[in-house]
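Chain naming follows the written order as A, B, C, D, E and F, and within any one chain the residues start at number 1.
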Amino acid sequence: MAGKTLTIFLTTAPYAGEHASTAMRLAKAALEAGHRVNLFASADGVYAFTAGHRAKGLPNAEAGFRQLIDQELHVELCGSCLTIRGLGPEHRLSGAEPSSMLGLFRLLRDSDALITVGS
Amino acid sequence: MAGKTLTIFLTTAPYAGEHASTAMRLAKAALEAGHRVNLFASADGVYAFTAGHRAKGLPNAEAGFRQLIDQELHVELCGSCLTIRGLGPEHRLSGAEPSSMLGLFRLLRDSDALITVGS
Amino acid sequence: MERLCLVIRTAPYGHLAAAEGVRHLIGAATAGMEVTAVLVDDGIYVAKHGQDPGDTGWTSLSSALQQVLQPDARAASRRIPVYVHTPSAETRGVTRLDLTPGVELIDDDRLVEILAEAGGVLIF
Amino acid sequence: MERLCLVIRTAPYGHLAAAEGVRHLIGAATAGMEVTAVLVDDGIYVAKHGQDPGDTGWTSLSSALQQVLQPDARAASRRIPVYVHTPSAETRGVTRLDLTPGVELIDDDRLVEILAEAGGVLIF
Amino acid sequence: MLQTLVLITSPPYSPQAQRALILAAALRTRGIAVGVVLLQDAVFAAVPPNAPPAAATIDALLSNAVPVYVAEHDLRLRGFSAVGLPAGVQPVDDRRIVDLVMTDNTRALGCF
Amino acid sequence: MLQTLVLITSPPYSPQAQRALILAAALRTRGIAVGVVLLQDAVFAAVPPNAPPAAATIDALLSNAVPVYVAEHDLRLRGFSAVGLPAGVQPVDDRRIVDLVMTDNTRALGCF
């Protein structure tokens, strides 16, 4: 069962509730199980991949995703979602690159499983 | 009835749905009716007061609030909410200043009406 | 994962998810993906015709849906099936006449069938 | 507007609103505001005792509630009434024994009374 | 005497909107003056023929002389018009909503 | 044969969670192998004695041999433990959830 590909589609802001935390936990568990894991952040999901968070009382999304990126989590961000929200390169976490809907569909074509986290 | 004070407590991200738009519309109508209007942004509500938005397909929160600030909308932002999200002074819309919960309560003491928009 | 199904459960405008669902549907159609959309619960309101944003800055989602339902012959996109869950519409007093032309009304059985056949599902 | 009522309708953790409600309650108590909190619908879960975040990074909201229910004698904050809507709790199978000590259970009538008396209301 | 204006933005099938409507009815039963303002997805609650439970509660409010206001802007955005609204439901613009909220001795309760 | 794993994060009283549970039951009725995973606020649906409609649907799923999994982490965070869960409801950790999602011929449907 190891060595498959999971894609997580994350659509809500990191501190709107529990979705970012759930995405981090499932990504971590999947990576540790030996799977390839993609995370595509869309809509308010892109806010998780900005720099300088100092979370208090809830899990730090920046720190969590930074660590997962080091563990080979592949992250792509909806480019137009970044643009709408005024999030330029200077705000972005390194390793989380702007992508496009075509990028999302490319990931999905090569995925064995897809989960939406958010909404 | 004119000359009263309305405070709007905005708690959701500008492009998560319709709340920011509703807050802008009610603030605009209240200002035009001759009322003083405060907007206190908390939690993801603070994302509305960042710079560089290029909204497409939905109302531009930055442009809308910028115009309302010019029309004397008084804006305060939850300071710890900015900190948690990594939003420093360089990201912020001018005229929208960091405040605190004490700032919120101060506004409320002098308000005739209070509406939560968000959640 | 080749066949994609987009499930839209949320009403337009109040929550961004509905607009995001339509945006991804248009994107998938344009990209030539094998894609379907299912509108269920409050999501059926996405197909309500006559949405009128005026000068508010919103994009009409019923008009946007038309892009995939009746694609321009010159455009690369193909006609994409958009299913509306009839029981959800009926509960809300929305009839076929209220809906943007080209959507396909489906019952509970067909809904389950479509979801059972989908390769990957995105939830909006 | 002197008397403030915070209405918490959302379950803890899934939606930030519940935590925001508790944070504002603590803030209001510390600031010496005349404030009450009403937990209704899924909001009643905020008062469920024994919330155990372990090393997840979450703050236990039931523990946070204790700060206003049983304030440290040295702290500036006073004891603040926190009301739990009994019908909401009962529907969810949550009894008085499941709740953090110090909350006050109220029925429908009292809920309406409290909301009718409040000066300003914040909704979470 | 204090009047309560219950403002609702959540869709009719949400627990949030249902709670707000129940509270409005309960306030009315206790003899408190109440008005209800429907905004955003809550406007679906006023579009006939809508299903229970929201529509039934709205009917009950109307028959108890509780004014129900609907944001016309939000109705139009969703493809509905003020023409088909049930008798007693009043379409309102933003200015009117503000006037309702800022009326003397009125207290806003919402948005739910 | 393809198995569907319905993942739910929304609270039991939300239309979203209720739709997901109805779909799970309907898939099962059509002879499709189904599992249900409850995460985040959806774990409240498994905490007894919970009220209808979610709890009733969960009971029906269990009696139709649909496995119901509950994220133990999310249960503990909310002050509940795996001890009191109804018979048939299985507490799971993140690794087990991933294993369920990544099982051959399994298709994830969610999160609702």
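The rule is short, and it goes like this: a contact is a pair of C-beta atoms (placed from the backbone, for glycine too) under 8 Å apart; a residue touches a chain by one contact, two chains touch by 3 or more.
All figures in this text were calculated on a predicted structure; none of them were measured in a lab.
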{"item": "Shared interface partners, meaning chains that touch chain C and chain E", "value": "B, F"}
{"item": "Far-end chain from chain C, centres as C-alpha averages", "value": "D"}
{"item": "Chain whose mean Cα position lies farthest from chain B", "value": "F"}
{"item": "CA centroid of chain B to CA centroid of chain D, Å", "value": "25"}
{"item": "Computed distance of Cα centres, chain C from chain B, in Å", "value": "33"}
{"item": "Centroid distance [mean C-alpha coordinates] between chain E and chain A, Å", "value": "39"}
{"item": "Contacts with 2+ other chains: residues of chain F", "value": "9, 11, 13, 15, 40-41, 73-74, 107-108, 110-111"}
{"item": "Chain A residues counted as touching two or more neighbouring chains", "value": "15-18, 43-44, 55-56, 112, 114, 116"}
{"item": "Chain D residues counted as touching two or more neighbouring chains", "value": "9, 13-16, 23, 41-42, 56, 58, 120-121, 123"}
{"item": "Chain pairs that touch, as defined at the top of this document", "value": "A-B, A-C, A-D, A-F, B-C, B-D, B-E, C-E, C-F, D-E, D-F, E-F"}
{"item": "Parts of chain C lying in touch with chain B, wherever the complex brings them together", "value": "13-16, 19, 23, 56-59"}
{"item": "Sites on chain E touched by chain C in the complex", "value": "9-11, 13, 40-41, 44, 47-51, 73-74, 76-80"}
{"item": "List of chain B residues in touch with chain A within their complex", "value": "12-16, 43-44, 47, 50-56, 62, 80, 83-88, 91"}
{"item": "Chain A - residues contacting chain F, complex", "value": "1, 4, 6, 17-19, 22, 25-26, 28-30, 32-33, 35, 112-118"}
{"item": "Complex interface listing, chain E residues touching chain B", "value": "7, 9, 39-41, 73-74, 93-95, 97-99, 101-104, 106-108, 110-111"}
